[in-house]
Amino acid sequence: MKERVFIANLALPKAGLVKLTWGNVSEIDRDLGVIVIKPSGVPYSKMKAEDMVVTDLDGKLLEEGMKASSDLSTHVILYKAFKDIGSVVHTHSKYAVMWAQAGRGLPAYGTTHADTFYGSVPCTRQLTAEEVNRAYEIETGHVIVETFQEQKLDPLAVPGVLVYGHGPFTWGANPQKAVENSIVLDEIAEMALQTEGINSKIKPIPQYLLDKHYFRKHGKNAYYGQ
Amino acid sequence: MKERVFIANLALPKAGLVKLTWGNVSEIDRDLGVIVIKPSGVPYSKMKAEDMVVTDLDGKLLEEGMKASSDLSTHVILYKAFKDIGSVVHTHSKYAVMWAQAGRGLPAYGTTHADTFYGSVPCTRQLTAEEVNRAYEIETGHVIVETFQEQKLDPLAVPGVLVYGHGPFTWGANPQKAVENSIVLDEIAEMALQTEGINSKIKPIPQYLLDKHYFRKHGKNAYYGQ
Amino acid sequence: MKERVFIANLALPKAGLVKLTWGNVSEIDRDLGVIVIKPSGVPYSKMKAEDMVVTDLDGKLLEEGMKASSDLSTHVILYKAFKDIGSVVHTHSKYAVMWAQAGRGLPAYGTTHADTFYGSVPCTRQLTAEEVNRAYEIETGHVIVETFQEQKLDPLAVPGVLVYGHGPFTWGANPQKAVENSIVLDEIAEMALQTEGINSKIKPIPQYLLDKHYFRKHGKNAYYGQ
Amino acid sequence: MKERVFIANLALPKAGLVKLTWGNVSEIDRDLGVIVIKPSGVPYSKMKAEDMVVTDLDGKLLEEGMKASSDLSTHVILYKAFKDIGSVVHTHSKYAVMWAQAGRGLPAYGTTHADTFYGSVPCTRQLTAEEVNRAYEIETGHVIVETFQEQKLDPLAVPGVLVYGHGPFTWGANPQKAVENSIVLDEIAEMALQTEGINSKIKPIPQYLLDKHYFRKHGKNAYYGQ
């Protein structure tokens, strides 16, 4: 499991999604009652599989060793609220960050988006001063959950979010899938940005095309892949 | 032929035109009565030449093995309508997708465009709900053919199209040429986007310059190359 | 020390921040009374550690050998005014240059910015003809110092600046840190550019979020890293 | 000389300035009375030093072998008009092409520009139908020369041009220098594009700063480099 989380973390700089020590991947095993996550602030080039940090389901360290990613608490909140996800990824990938900084959800402008995200990727509201000062990383988790509840979104169908003024979190059944969702999110964020540049009056694709593409790849009638 | 299709498929991620498993190349041999196409959803790093899928000219599988790309039906329609093409390529290359998502054809703003595409690259109309639900991939082929018929375009002179809300298809005499046309299409899509950013009133190049560049490289009076 | 400055100089083209011979890194050892800086106009591929130029704290050469970077005088002024910095980096990294050429300071639009720069990165005023003609590189240093004094900025909390019509300078405790600040500056410059493209009315993040992110990584209550 | 021209041609795709077979470099030896230029339409990966084409000063082939680049006539005209240049480069590098397609000269927005180009890089007028049909490549050369004459520009001080609707030509004392000028031109074209995006009212840098940077690197009072 440490090996898997380690490899998924390394996939982020390889895909151009993180610079320096930004970004982190975690995985949960609900049966074993453990979360494995990247250590805080360790350069990717020096990180080893055994440096991965192991915690219980509340984020308490289960082993001596390195400090966990400072974003651990956000991951914990997401695992508690989204019962069916197995991995969480956080990056500062640049195009997703641009939308998060602009405070706008990412509209579904095309089928590249619809293949992975069933509708627009929401942007949270801004955290209040009170929330930031009290328990920043926990409240970041809460505001993500609140966004999905208020907009009645299924976290499996929309496996990612933009945190206002900050950046993206994505998730998935396992680390590989969660990292793939980060790659897709950044790509469609770039595409959407320039789609608006080419045609400022463009509308999201119609629901029937969104349905077609999403359900071509997901659910019991999927017919994409082997 | 499998080897050729395999190599052409690998050329797509190498040229930066596809991420993950997006994109597919097929080749047709009209004399043999076969189409060879990439299998559906197989990572490029694990794909082998023998995984290429062989079908008849209606897209029916001729061998046991992997499932064909889900876009096979679109390729079949294009081969039936465009009698002289030997290969079809589909990608989600980002700049071409931006124009497809914006619902605009790509104007011929310069000679880089004119060297390969004799006039603007058209964007199809949006498919109706009825079309999408009935036979999505077939109707995608039909709307491309309809676009070429209505705009009286020669598919050999304009070897590519943008499908509204989706992305580009290109074609050519063989897989190598069809892939090259995908590379050019994405490059000129990026150039056109920023050309409009630098001068919002810019017009396409005049017909005589389009003629000069296109016929420098194509047709019986071509004098480019060896 | 030469080795360290050499390695930091090589890190610039590796990170995509400089082309050709643009850019330079220096380091100061105030106890030894020396500054080590890149030689002027030497290609990165041919440069060796022993080519690094050693000067005293006024920028006077202490060894026979190559000429120092033409920007040496700017580095000297910065070391004299900013007593706690140990290294200075100058690049023409493209996104930072775009803001410098546009004559605008870089607003703190998100936490990626706040993790490294405590508030907006200022842009200097334009140098006068008199200043440019008298002592260009020295006056470039002076206008940076003037900018920090007038805006009452702490050079340790805002470890970089944009020189109007020219480009970025960053600094840090050591060459590695100063180079990292150059990498971050270019990344946030790109993010900010498109943030404004996505939402032309966006405001910088609130002070409490800036505080939270900056002090998560800096100062006595920092809890990021090991 | 063939070796030098060969290496300079290979430098273009390596620097990301050309795709496929676009772009060409030539060198002139006025004493020997020869021009050496890239052959037409040969893939960079298959090209060898001995494939370089040798012509006299009028562009007439002096050896059996491959056909010269179709842009040879443009190079010849430039060599005849600009007596002191030793090499010409043509690319379709994307940012320079964007400005050429937009029909605008590139303003000197910063010192990165001023270090290489002493003032804005001009864009030619559009060629007429008559000119294109009569002798396209020759007239491309003529319109470049006309632009420099009408704007009273020194081709050594402004070693490049944008041909309307087409793309950039640069030149220099030798192939290495001419290629470097192509690299710089594309970089400053990208910077200028976004400089206008960040500040739509920005003006070119003042003459005194242009003078300072240009003459820091060029002419008898230059003090940059070893």
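Quick notes on this one:
We call the chains A, B, C and D, going by the order they appear; numbering starts again at 1 in every chain.
The rule we apply is simple: a contact is a pair of C-beta atoms (placed from the backbone, for glycine too) under 8 Å apart; a residue touches a chain by one contact, two chains touch by 3 or more.
Just so we're clear, the structure is a prediction, and the values are computed from it rather than from any experiment.
Shared residue numbers account for under half of those found at the interface formed by chain A and chain C, and the copies are therefore classed as meeting with different residues.
Greatest Cα centroid separation from chain B: this falls to C.
The centroid of the Cα atoms in chain A and the matching centroid in chain D are 46 Å apart.
One inter-chain figure worth recording: chain B and chain D are separated by 32 Å, centre to centre, where each centre is the mean of the chain's CA atoms. Along chain A, residues 196-197 each make contact with two or more other chains.
Applying the touch criterion to all chain pairs gives A-B, A-C, B-D, C-D. Listed in rising order, the residues of chain A touching chain C in the complex are 19-22, 39-42, 66-67, 70, 92, 94-95, 97-104, 126-127, 129, 132-133, 136, 165-167, 193, 196-197. Residue ranges on chain A touching chain B, taken from their complex, read 109-112, 180, 183-184, 187, 190-192, 194-199, 202, 205-206, 208-209, 212, 216, 223-226.
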